[in-house]
Amino acid sequence: MDWLRWIIFVVIILAFALSFVMAFILLERRIVGKFQLRPGPNRVGPMGMLQPVADAVKILLKEDITPAKGDRWVHRLAPIVAFAPALLVFAVVPFQGKGPGLGFSLDQPAALADLNVGVLYIVAVSSISVIGMIMAGWASNNKYSLLGAMRAIAQMVSYEVPLVLSIVGIVIASGSLSLNSIVEAQSIPFILLQPLGFLIYFLGATAEINRAPFDLLEAESEIVASYHTEYSGMRFAMFFLGEYAYALGVSAIVSVLFLGGYKFPFGLLPQSFIWFLAKIFLVFFLMLWVRSTLPRVRIDQMMAFAWKFLLPLSLVNLLLVAAEGVSTIGFGWAAVGINVILAIAFVVIWANRFYRVKGVTVG
Amino acid sequence: MADAKKPLGQGILKGLALTLKHFLARPIITVQYPEQTLVHSRRLRGCDLVWDPERCTACCTCAKSCPQGNIRIETRLRPDNTREAVVFEIDHGRTMFCGLCVESCPFDAIHMGKASERATYSRESLVLPKEKLTISPERQPSGYFRPQFEAELPPQTLLVYGGRASEGPAAPAAPAGPPAPAGATPPAAGAPKEKVGVK
Amino acid sequence: MALRTEPIVVNMGPQHPATHGVFRMRVTLDGEVITDLEPVMGYLHRGVEKLAEARTYTQFIPLTDRMDYLSSMSNNLAYVLAVEKLAGVEAPPRAQYLRVIMAEMMRISNHLMAVGTFLDDMGAFHTPLLYMFREREKLLDLFEMVCGQRLTYNYMRIGGLSHDIPPEFLPALKKFVRDMPGFVDEYDQLIRENEIVLARTRGVGVLPRALAINASASGPVLRGSGVKWDLRKTDPYLVYDKLEFDVPTGAVGDIYDRYRVRIEEMRQSVRILEQAIERLPPGEVRSDVPHLVHPPRGEVYGHIEAPKGELGFYLVSDTGIAPYRCHIRPPSLINLTALRDMVLGMKIADAIITLGSIDIVLGEVDR
Amino acid sequence: MGLAISFWLLAAAAVGSALAVVLLRNVFRAALLLISCFFAIAGLFVTLGADFLAMVQVLVYVGAIAVLLLLAIMLTREAATGSPFSRWRIGGAIASVALLAAMIAVFRATPWKVADQSVVLKPTTAELGARLLTPESGFVLPFEIASVLLLAAVLGAIVLVKEK
């Protein structure tokens, strides 16, 4: 009964995504608060756990405003276009693999659709959301929104390139585009096998979902709230939730691609979706940690970072992985040693070169 | 100036290490206000002015010293040739609590209050006539320019000492270097509400 | 078909998260590059100078609190020094030392706020700001202890101070002075060598030395441009000539230099505090000045090195109880005039942090 | 049955949005509808069992080309009120009719191979890769030429921008 399975998974994914997005909103505020020596929201419910609910209720009661001279229909559609891809990403994310796991056994991978082009699907779908941002920026008839949307385009188009190139390394190592096969292929987590790829993917993805230090898109000190300056109420909430849904999506994808998804590291414990969720939180914590420490980069620096730093490094990474694939080294522990050393060397050398060049970053 | 020769990325890593250290080791320094309160300064200029009709001779020095012209007094000659204030009115919505009236009063008849929670729903209710200006349990004078009150008030809690009182031998020796944890840890939900000091 | 691009005119403010109040900038942008910037001010104009003419000399002191509300004590000090000069009175030695202590505490507090909000403008999501607020709160506690309020102190009086300090003040201040260098080190660890901060601030918003002098800039903005000009040294008032401290200066005049100057000034202020506490003489804190001062006919300009720069009060007396004319030289306003020159050709994000690095308070700019 | 329904729905969506692209005055909305047209075509690829092609269609056309198109429109003044080139309307019409005629002629001349009725959904990626990159298939040279061409284009773009 395929359709029954689909319905069940749609429900699971919706419940998973929405509850995790709520949890992320709360966690972000609590964890960043802890980083800043304050407790964060702790008023509503036990330990502030109902804060997202209170926020949601408040935001739903707000008036839904459309700018008088804006493009009405585009303005209304934009949040939907921006939000929907965030949920679509989870369609191919495997929560648990085939076979026995912690607690129960499955006869096929626990994903809505284990697409054999899963990686491509994720890249394709996540590139859609920028259209929602552009629509919002355009339709708001607001200069901040327009500037934000233009930044969004520049950012998305630039970071897509190293992002995809770093995924190609994974695809070469695992020999498949299906996320489940990628997880299965990770007897050694790919973060060890391709540390450079992980770095590039993590930085690129941080930029793609507009999180610090690449949160230029919503640099509130510069362009107020960027493309959602003119949004309020429910429609603003969709942008807001969408952002966290992307953060969740990226955490999930990083866990799947680099951290071994639902597998416990080195197979010490049976596979389970619990490890997957734990890894998601770990990646998200990393993002929060970075966010609460680093200031924002400037737009030209960000573009330079994508094109002059990440892109060459991702090409190097690709070359390295391909060379290992065709040579006798393969993808074992020997490759781990070589890659870790080479990754550190490349990053240090290239970073020095990138940073010290006059006119690139230091004026 | 930062040294350009230092290995790259170490600045970011140092910052990350510091925030992680704070995340893991440092207690929360904010005071959870409704549950915890810090004791104010003994000289607090709270959002109150307290008037003592017994001592007031209706000399109007306070009204003259007020930069805002905010104290309204109408006086009357008593049969015994002294004066009394028939009307003594202060608009608490307009005063800036500079304390000049308290400072200038020759008979210690007007004091700063030590209350700090005086929100109301209407501006009109902030205009206090003389009946409402007198000392009452919730309108206590503070020690501002009134050493006789100052001595009786509890010592201020200071964040320099981690939210403890400002004097006495109990003031803890300073651990060298940063930082002084301040305030108690926030109460977990459901924990009994803790009162630091008095309101 | 000729390719031509049209500049966008973006109106930033008066309600904008990064303008530190109700400041407005009309920015002409070519893409992200600023081709023109026109500051528009006056949204917080309250006519403080005119109000002074309708107040006695003493009554005006609380109003000076409300100019630069982040360094009220320095405003008090500048004003009372000007009035004292006009009336020919002098504060007793203890009051002079206490005024130095207050002014330096105020400088630390103001610089903490300035650097914190400037990093906030840079997008450092409040973490440095909150670390700095931790110390600022301690200072505000101490201010509350001496004068009863945390923001609008109204502590200085003509001929001294309103009160002496309470006995528990000095131990607490000593503890603060002992701890503070460690905290400054902590801020340095967090941001000083951060590559993003360096990339954002070095060579950005440069105010060349000559321009800084011509624009009559003062305070950290001037010293960041490499001019060793500090009224505490060049025109000493109070007891600053008896205290040892250095005047930190920058080299290039960029945002990074201004930020470093502020951080170094905090260290110097701690030094001054240490010495002032040590030498604090006993005695009166208020000389015998009547409540209503009648200064002789004349005019006077009194200035101090406020945390933001040279804060001057120009007062004219017609022997009445109120100044005949009062004019204020606010450091924020004068420093702000150099903003346009600093940001032309920069990116819009640079303009924001340049504004942050000037450290303005709109209460003072518009008065 | 399901495939047929989705085919007709997607085809209608594709044609409808394509028509809207041409007929709408508001260029920005036209571009948005172009995106929906791309999506419909990606859907058509899926119904044909070309999953890889569908994903690439979304990735390249929606994620890159359409986005750049929107950027160009956003940088254009008065985009909402229509094209400033309307005076070339007649020439445009002639050119499009000629193009349409040529395409119809080519369609009619091509000997189309018709697949058997049952479309089997099986992974195509590996096969595509093999077709493109194995010597037997004979596409290696065109593939490499295409990549050299792209490289040349990239370099050309850099040279053009570099002048200042």
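For reference, chains read A, B, C and D in written order, and residue numbers begin at 1 within each chain.
Here is the rule we use: a residue touches a chain if its C-beta (ideal position, glycine included) is under 8 Å from a C-beta of that chain, and two chains touch if they have at least 3 such contacts.
Values in this document were obtained by computation on a predicted structure and should not be read as measured data.
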Checklist entry - Between what two chains do the most C-beta pairs come into contact? => result B-C
Next on the checklist: Let me spell it out: compute each chain's centre from its C-alpha atoms, then which one is farthest from subunit C's centre?
Outcome noted: D
Next on the checklist: Between subunit A and subunit C, what distance separates the C-alpha centroids? Give it in angstrom.
Outcome noted: 43
Next on the checklist: Rounded to a whole Å, what is the gap between the Cα centroids of subunit A and subunit B?
Outcome noted: 48
Next on the checklist: How many angstrom lie between the centres of subunit C and subunit D, each centre taken as the mean Cα position?
Outcome noted: 61
Checklist entry - How many angstrom lie between the CA centroids of subunit A and subunit D, rounded to a whole number? => result 28
Item to check | Contacts with two or more other chains, residues of subunit D listed in rising order | outcome: 75
Item to check | For subunit C, residues that touch 2 or more chains besides their own | outcome: 127, 131, 134, 190-191, 194-198
Next on the checklist: Please output the residue numbers of subunit B that touch at least 2 other chains, ranges allowed.
Outcome noted: 8-9, 12, 15, 18-19, 22, 29
Item to check | Pairwise chain contacts, counting only pairs that touch as defined | outcome: A-B, A-C, A-D, B-C
Checklist entry - Given the complex with subunit A, which residues does subunit D contribute to the contact? => result 26, 28-29, 32, 35, 51-52, 55-56, 58-59, 62-64, 66-68, 70-71, 74-75, 80, 123, 125
Item to check | In the complex, subunit B residues that touch subunit A | outcome: 4, 7-9, 12, 15-16, 18-20, 22-23, 26-30, 32, 186, 188-190
Checklist entry - Where on subunit A does subunit C make contact in their complex? => result 32, 35-38, 143-144, 146-147, 212-213, 215-216, 219-224, 291-301, 355, 361-363
Checklist entry - If you look only at subunit A, which of its residues touch subunit B in the complex? => result 31, 34-39, 42, 45-47, 289-290, 292-294, 348, 351-352, 355-356
Next on the checklist: Which residues of subunit A touch subunit D once you look at their complex with the stated criterion?
Outcome noted: 71, 73-74, 115-117, 120-121, 123-125, 127-128, 130-131, 134-135, 137-138, 146, 149-150, 153, 156-157, 160, 177
